[in-house]
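In the two complexes that follow, chain A is the common piece, with chain B as its partner first and chain C second.
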Partner chain A sequence: MIGQDYIGDRVREDIYPQGDEANRKIRRRRRAGKAWRWLFIVATVSAIVILSVLLIKILNDTVGLVAQESVLPERELLLAFDESQVLAAPNILLESEDDPAIASAIADEPNSLGFIPWSAYLTQQDRLNLVSIEGQLPGAEAAGTGDYPLDRPLYIYASTSELQKKPHVAAFLAYYLQHLDEVVPDAGYFMVDAEQLAEQSAQIAEGLGLEELPAINPADFEGVINITGSSTVFPITQAMADRFIADGFRGTINVDPTGTTAGFQKFCIDNDRSIDIVNASREVLPTEFSACQANNRRLSEAVVAQDALSVVVNKVNTFVTDVSREQLEALFTTAEQWSEVDGNWPGETISRFIPSADSGTMDFFVEELFQRESLEDLEYDDLVSIYTANISKGRCRAVEREQRFYDDVLICEDPEKFAEVCASDSPPTGCTLPPREEPGLIQLIEADVIKPKVLASWNGIESVLRRDEILAEAAQKYPNAEVFFKSWLSWQFITSPQSSYPEIAGIRTAILGTLWVVGIAILISFPLGVAAAVYLEEYADKRSRFNQIIQTNINNLAGVPSIIYGLLGLAVFVRALEPITSGYIFGAVESGATANGRTILSAGLTLGLLGLPVIIISAQEAIRAVPPSLRQASFGLGATKWETVRHHVLPNAIAGILTGVILSTSRIIGETAPLVVVGASTFITTDPTGPFSKFTTLPSQIYQWTARPQDTFRDIAAATIVVLITMLLLLNATAIYFRNRWSKRLG
Partner chain B sequence: MSSEVLAEQGLATPVDQGTDIAESLKKRTRIGEKLIEISLFTAGVVSILTTIGIVYVLFRDALDFFLLPEVTLTEFLTSTTWLPQTGNFGIWPLLTSTLIISAIAMLFGVPMGFFTAVYLSEYASPRFRAFLKPVLEILAGIPTVVLGYFALTFVTPLLRGVLGPETVQIYNMASAGLVVGILTVPLIASLSEDALHAVPDSLRQASYGLGATRMETSLKVVAPAALSGISAAIVVAASRAIGETMIVALAAGAGPKFTLNPFNAAESMTGYMVRISGGDLSYGSIDYQSIFAVGMVVFLLTLLLNIVSQRIVRRFREVYE
Partner chain C sequence: MTNSTTQHTNGNTDYAIEAKDLHIYYGNFRAVKDVDLQFRPRQITALIGPSGCGKSTVLRAFNRMNDLIPVARAEGEILFHGKNIYDEDVDPVEVRRRVGMVFQKPNPFPKSIYENVAWGARINGFKGNKAEMDALVEESLRDAAVWDEVKDKLDQSGLSLSGGQQQRLCIARTIAIRPEIILMDEPASALDPISTLRIEELIQELKKNYTILIVTHNMQQAARDSEFTAFFNMDEDRAGYLVEFDKTNELFTNPKNELTEQYITGRFG
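Coming up: the complex of A and B.
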C-alpha cells in the first residue's frame, strides 16, 4: 500500500531524499494523527465507562447496611403474641416469678402442669414428674448435647483486653472456668461438656495473651471485682466468689443480680468501666455487642453452665410422659382437659402454673415453643388479632371502612353502624372492595404497629469495605437500632403495594399499572401503525402531494418531545373525552363519585399515539424490504392487492414489524413525562382493576421517589430502576432473538 | 390476427359476441378491496389527526393564555421574570435555562459522539464495532428518568466534590446539561456513523494514495463529505436536548430563575410543565393555560430544528454516483 515507506518516524532516505524540513513535517503529521487517534479512543471508551458507572451506581444503591429502629420490633411483637397465647390459656392458677413457689404449687395439685428451671425442680424432685419433649428428657445426660429443646446455656462475659491491666479480675476469670465442676451442680445446674470447656479456656487464654490458663492461687491477688447481670446465673457466680475469697483472695467481690439486659446496658452501652464481668442467661444481642465494640470493649463469651427448663406435672400424673411440640402447644394454650390433647388421657381439667409475663424464662419458653420467625408464619386470624390489639379503636374503624378484614363479620364496629355508612351518599371503599389478604395485612401491621424507620443506610460498596467502621458508628449514633445488610430489591418489594413508608413500600401497584398502560398502548398503536404503513407503502401513490405530506408528517411526529404528547393527552383524552376515559358512559363510575379522566385508558391512548410514528416507520422499512418479485409473482397469479399484502408481503415483513413494535414498546415503557402530565397518581395503594382505574407506573414511581430528599427513598428508587432495566433488557433480548430467528427464515 | 378470430376468442373490442367474456375481464371494482383500502387510508390519516390535534390543542390554550388580562405577548417575550403570583409571565428564565442546558449538552455530546463515530467508522476493528454498537444501543435505551436519577445522585455530588459545594448548588444546570449530553451521545454517534459509512471508500483510498494519515483522511476528507449527515445529527440531538424533560426535572431545579451561571438552579421549560401538571391542577386556571403556552414554545423550537435538519440533509447531501 502506498505510504508504507513512511511507516516509522524515519523516512527512508534512499528512496525519498527530501531533507530535514520535509521529514520534520511528516513526523509532525504522524504525531498529530496519533494524538487524534487517542482522542477518538478516549471518547469511545468513555461511552463504555459511563454506562458501566451508571449500572454499578444503581446496583450499589440497591443494597447495603441499614440502621433500622422500630417502634415495636417484629420479634417483640411476635413474642408478645406468643405470650398472650400462653397467658390466655384456661385455668391458670398461679403466675409468679418465684420458681420454687411454682414448683411446690405444682407438687400440691394433682392435675397441675407448668415449666420451671432445673434448680427449682430439684427442690420438689420427689413430688414432681418430668415430661419429655419428643423423647428428650431434661437432665444431666441431655445437658450439653442440644437434643432437649428447652436447654439453655448460661453465660458470663468479660472484656479480655482490659483484663491485662486488671490481673485480679483475670485471675478470678481463670479460676471461675477451672472450678465450675465444684460449683455448678450444687447450684442446681448442669455442667457444660469438657471439650467445649477446654476450647473456651483456650480462647480466653488467648484473649488474655497467655498460652493456657494457669493455675491460680487466689492469695496472690487483691482488688475489687464488680459483677452484675442475670439473677439465674447469680447463684453460680456468688458461690464461685465465695470460694475465691475462701481460698485466700485479699479483695472484695460484689455480685449484683440486676438482670441480663440491665447488665449489658451498663457494661456495653453506658460503658461503665467499674463493671468487670456480666452474668447472662442469654446470648449478647447484636446491638449490645456493637456498642461494646464502639467503646473498645471486646467481649469474650464463656458458657459456664446449662439449665434445662423442665415441663413438670404432679407425681400422681403418670399418663403425661412424653409430648410432641404440637401437644405441648395445645397443653399450654387451648386445651381445657387432658383428653383434648390425647384421647387416652383422662377428661380432667388442667390446672396451670406459669411464670409471669415479665419473666425472661417465659420469653425463652414461648420463643422455643412456637418458633416463629416472622409475621408470615402466622395465620390470617392471628394477624388480625395482633393488629387490632395494637391500634386505637378509631384507627381500627377507619381501616376497616377502607377495606374490611372479613367478608361476613366486622371487627371494629357495629354492623348496623357500618350498614348505615354504606347506605349514605358517598360510601367508603370498604363497602364494595373485597376483604384484605395476608400480604396487605402484614404491610398494614408494619405500617401502623411495627413502624420500622431506617435511620441511616449505606451503599453496597462501603458496606463491604468499611463494615467495621459503619457498625461502630451506628452503635454510637443509633444505639437502639438494629444494623443489618439489606437488599432493597426483594420479592417482598416486588409484591407489596405502595406505602408512604419507604421501608415497607413495594412496586406491585406500579408494575401492574405499567403492564396495563403499555398493553393498551400497543393494542392501539400496533394495528393502526401497521395499517398506516401498509397504506403508505402498498397503496399510496408516492408522487401524490397528499401522501408526501403524510410521510413528512410522520417523520416530524417522531421527533416531537414526549411531553407534548402528554399535553395532547391531557387536553383531549383526560379533559375533552372525560366521559369515555373515566368510564362514565360505561357505567364504571359509582354514582356520586366524580368522574375523573386521569385513568389508565387516557394514559394508554396517549402512549399509543407516542409510539405510533416509530411503529409506522419501522413497519414501512420492513415492508419496503420485501422484494418486489414476490409481489409481482403474486399479481401474476391473479391475486388482488389485499390478498398479496395479506398472504405474501406481511408474513415476510413480520420480523421487521415485530422489531419495530418491540422498539416502540421499549421506548414507552420508560416514559415518564407524558404520564405525569396526564395524571399518574402520586399515591395509590389499590391495584388497578381495569382501564378506568387510577394508575401509577414504574417510571413514575422512580421519578417521585428520586425527587424526595431522604436517602431511603433513593434506595427504593434504585431498586425500582433495577426492575425497570431488567424488563427492558428482557424485551430487547426477545427482539434480538426473534429478529435472528425470522431473518433466518427469509434466508 | 384478424379481428374476426379475436372477436371469437373474446379478446377484441367487445362487439355483439363475447360481450360477457369481455365484461368478465374488465377491471372489476371489488368492494372488499375498496373497503380495505379506505380503512388503511384512515389509519394513515390518524397521524395527520395527531399533528392537527397537537397544534390545535397547543394553540387554543396558549391563545386563551395570551388573551388573559394579566398576560401580554410582549411581556411574555421580553420579561425575565416568571412569577405567576405577582402576574409576571416572562418566558426568558425558562427559555434561558433550557438553552443553557442544551448548550452544555451539545458541548459535551457533540465532540464525544462525533469522535466515537469517527473511531467506529474509520479506526475500529469489526470485533470492537460489534462490541460497541450494542453498548451504544443500551445507552440509548436507558429511560431518561434513570439518567435523571444518575444526574442527581452521582454527577451533582461529583461536581460539588470537584468544584466545591459553594460554587455548585444541589440543583444545578451543569449536571443536568452533562447528563443530557450523555443522552445525545448515542444519537449523534449512530447518525454520524451512518453518514460517515455512506461515504464511498474510493474517497478514502484516494486520500491515502496522496499520502494522508488516517486522521487527515477522516477529518479532512471523509467527515466533510458526510457533513450533511453529521450536521443533521447535531441538529436532531439539539432538538432532543431541548425537549428533554425528566433529567432536567430531577436535577436542574424547581423554580424559574433567570441566571447565566450554570452551577445555579434554574427550571427549564419542560421542567416547569412537569412540575405544574404534577400538582393540583384545575382546568382553565391560569397555571393550566400557562403550561400550554410554554409547551407551544417548546414545540415550535423542536419543530423548527427538525425541519432544519431535514433541509440540511436534502440540500447539502452529496450524492455519489
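Coming up: the complex of A and C.
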C-alpha cells in the first residue's frame, strides 16, 4: 500500500476513499470489469462453437458410408460390351464350352489362334505353341504371383443354408477341399497356397457351424449331387467326384460343364433348386450374388486351384511368340490377317477358336484384355451402342428427339426419318441443339441403364466411429448393395446437371444459374449504386426536402424483407416487362404467346434492386469518409466538381465502396425467397445460355432438395451448401484482393 | 457605409485584388460585415484577429472557396483586375486557378509527390509535353524549397513526407499552377518551430513573385513577415469586421484604434 500524505492531521484529498477502503473499491471496480470480460469471452466462444457445429453438421452430411445397388453395374455393362467386341471378331471358327475341343481344333489348323485354360493346353502341348504376353509365359512358377497377366484363381460356390440341409453335399465339399492336392496337379492346374486353403476351410466350417471340417468317409453318405458351371473347373470337380464315388459314396454325382455365367444363371437367377454346387472360373458378379441372396441362397466361396489362361497358336506358327497388350487386343478383335498386327508376320487370315460367351474364361479374358475401369474408357460410338442396346425403343426415340446422338442421322428410328423429323414444321429440340457429347451420354447411361440407387447413407462421423457396426448392419439389411465411403461433393457432382435421382444429380445448372444471376445483379447494382451515392453525397442539396425523403427511403429499403423485392420483381420484371425480360423484343423467343418473363434477367434485376440500398449506403459512407481537406485542396487548385470526384473522391472511397459490394454480393448470392417468387425453375437440366434462359440457383436448389423426404437428398443439399459457401468465399476473396490492390496503389 | 479605420494608401489601379463593401453570410447569420481591403502586388499582408472574427472567412472569399459551403453567400465586390469575381459571368474555377490557396493543415493528395504537383497543372490544361511537365514539377518544388529533400523519391506518396515537407509540397503544388495571388490560412500553425521557420523563409522568397495574403494567430510572425497587417474583430452581433488596416510597422508601433492596441499587447484575444 502506498503511504498517505497529510495536511496537518488530515489526509489530503479526503473527499476520495483512502487506504484500504480505496483498494477495496478498486478491486470491486476491477471485478465488475472482469465479469464483463468473461461475458465477452463466453459470447465469442459460443458464437464460434455454434458456427463450427453448423459447419461440421454440413460437412458431416456431405461425406459418409452409403449402401448402393445398381440395376446393371457398370462392370457388367463393360464386360458385356467387351465380350461382344471379341465375339464380333472376323473368322471365328469355333466357339465352345469344351476347352480340350478348342485345344485340338487349334492344333489342327495352321493359322489358328485361341485362348484356353492351362489344363486344356496340357492335353495338346506337343502340337501347340504358347504365346508370351509382354515377355511373361504362364507356368507353375508364375502361378499365383500375378506376374503373368492372365493368371487366375478357379472357384466353387455353394449355398451355406442348403449345405446344412444336405449333409452329403457338405461332405463332398469338405472332401473336395481336403483332397485337392491329389487331384489338381493331375487335372493340369496349379495348387492353391496352403495358407489360403486352410483359411477357406475354416470359413466353410464356420458356415456349417463347425470348428473345423471333419475327416469324411464317403461311405457314410448317400444322395444325388448336381454340379454345373465352368468347363475349366470341370476336370477337377469330375476327378474329385470320381474319387468320392470310388471311396464309397452311395449316390450319383452329375457334373455338367455349361460355363460359369450359365451356371450362375441357373443357380442364382433361375433359382434351380436341383443344383448344389457351381464351378466358376471367375468371381461371382454383384448382380448374380444379389440374385442368389434374393432367393435365399447365401453363397460361400472357395478357391480350388490356380489356372493360367494360355494364349496359344499352332505348332507350325513360329512367328507369334510374344505380344504386347495392344497386339493381343488387335489379334482377338479387329485383325483379319497376321500382318495387320505386325508387319513382319505373314498376310494369312487368322482362324480364331475361343470359349463361348457363357464361360467364365471369356469373362476373365476380356476383363484382363481391355482392363477398362469405367465407361469413360470407351469411345463415344461404343457408348451410344451400349446405351441404345440397353433401353427400350420408345425411350431411345424420346431421348434422341431431345438431343441427337449424331449430327446427320437418327439411330433410334428409321434412318430415312432424319429429314422427315428435323425438316417438319415444328422440329423437336433435338434438331436444333448440337449432338450429345461423351460426359452427357455417360450420365444418360448411368441414369437409364446402370441406375445406381443409394438404399441408405450414413453421416461422416458415424461412418468413421461405427464403421464395423454399419458394415454389419448394411450386410444384413442390404445384402445386395455395395457399401462404400462416398463424398457427395465430388467433381462429378459439380459438373453434372440436375437429376431426379440423387445418386447422379449434380449442380452445374445451379452454379451457372447463380453466376449468371449474381453477375447481372452486380452489373446493375454496382454502377447504379455508386452513381446514386455520388449524386447524394457530392451533388445533391442536403437541405432539400426531396433529397432528404430519398435518403430516408434508401435507408429503409435496405431493411425491407427480401420477399417484398420478389413480389416487386414478379409484378414489374416478370409480368409488366415480360416482352423485355423474356427476350421477345430481342427476338430470343419466337412468339409473344410463349414469352415467359421467368428468366435470369428478371431474377438478376430483382436481386440487383435488392442489393442496391446496401451498395448506396456503404458507398455514401465511403465517400463521406474522404477527408474534406482533400476536396478543398482539389478545388483550391482550380479543379471542377467532376475532376475532384473522379480523381480524389472515388479513388479514395473505392475500398469502402467495394466493401459494400462484397456485403451486397454475399446477401444476393444466398437469397432464396425472392427467386422463389420470381420463378426459379424447380427442375431444370439444361444449362442457362444467356439472360433469357430459365434458371435455378444454388440456394433454390438447396431449398428444394431439403424439402424432399429422402435422406440422400439431404446429403446432396449439404454438398451444395459447401459449394455455395466456397463460391461465396471465392467471390469475396477476389473482391478483397482488388480492394487491397487498389487501396495500396492509392496509399 | 463608414470605413473610418481603413487606410487608403494608394490608387485603385495599383492593387492586385481588393474587397469592397464585402459582407459574408452563413444562411441568415452575417459572419463578416463591411470589409474594404486593398492588397498591393508582391506584398505580404497579414490578417490577424481573435478566434471567430472572420479573418479566414474573408481570406476564403478571395478565391470563392466559401462557395463550397452550401449556405454561404457573399455580398459586395471583390475586384480582381477590375472585375468582380462574384459576377455571374465569372467561373470560380478560373478564379481559383489564378488565386491559389494553402491550407492550415498540410493536405497533399494521396498520390505520388510528382503527381501532387503535376495534377493541378494537368487539369488546368498545361500545354507542355512530358519533359516540360518534369521541368515544371522540378521548378515548383525548387521554388517551394523542398526539391532537395524529395528529388530522389518523386514516385513516393506525398503522405510519406514530414509535416513541414508536406506543407512545402502543398505550396509547390499551388505555385505550379502559376497563380497571381496566394492565400495562406495559418500555413504554419500545425508545424513545429523549425518547420515554421522554413515556411516563413519560403514566404519571404515567394513574395518576389506573388501577392500573399496570410491569416495568422502568431503576432510575431505577422510583425516579422508582412508589409501590411489587417486587424479584424468580432462585433456584439458576432459579425466580424475590419478594425484597422495599415503598414505592419505602423499598426504594431502606433495603432490608431484602441482595440488594436489592446489586441497586439495581448490584453484580449
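FYI, the second predicted complex is superposed on the first by the 523 of 747 C-alpha atoms of A that agree within 3 Å, B and C clash if a C-alpha of one lies under 4 Å from a C-alpha of the other, contacts with A are read in each partner's own complex, and residues count from 1 in each chain.
We adopt the following convention: a contact is a pair of C-beta atoms (placed from the backbone, for glycine too) under 8 Å apart; a residue touches a chain by one contact, two chains touch by 3 or more.
Bear in mind the structure is a predicted one, so any value in this text is a computation, not a measurement.
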item	value
Partner chain(s) touched by A:R631 [first = chain B, second = chain C, both, neither]	second
Which superposed partner A:I564 touches (first chain B, second chain C, both, neither)	first
Touched chain A residues, chain B compared with chain C	B
First (chain B), second (chain C), both or neither touched by A:P613	first
Partner chain in contact with A:R714 - chain B first, chain C second, else both or neither	first
Chain B versus chain C as contact partner of A:H648, first or second or both or neither	second
Contacts of A:T640 with chain B and chain C, given as first, second, both or neither	both
First, second, both or neither for A:L728, with chain B first and chain C second	first
Partner chain in contact with A:I550 - chain B first, chain C second, else both or neither	first
Contact residues common to both interfaces of chain A (with chain B and with chain C)	640
Residues on chain A engaged by chain B in the complex (per definition of touch)	1-3, 6, 29-30, 32-33, 36-37, 39-44, 46-48, 50-51, 53-54, 57-58, 61, 527-529, 531-532, 534-536, 539-540, 549-550, 552-557, 559-568, 570-572, 575, 609, 612-613, 616, 640-642, 666, 669-673, 676-677, 679, 682, 699, 702-703, 706-707, 714, 717-718, 721, 724-725, 728, 732
List of chain B residues in touch with chain A within their complex	30, 32-33, 36-37, 39-41, 43-48, 50-51, 53-54, 57-58, 61, 111-112, 115-116, 118-120, 123-124, 132, 135-139, 141-150, 152-154, 182, 185-186, 189, 208-209, 211, 213-216, 219, 236, 239-240, 242-246, 249-250, 270, 273-274, 277-278, 283, 291-292, 295, 298-299, 302-303, 306-307, 310
Sites on chain C touched by chain A in the complex	63, 65, 68, 70-71, 93-94, 96-97, 100-101, 103, 105, 107-111, 119-120, 123-124, 157, 159, 170, 173-174, 177
Residue numbers on chain A that touch chain C, as the complex places them	541-543, 627, 629-640, 643, 647-648, 652, 746-747
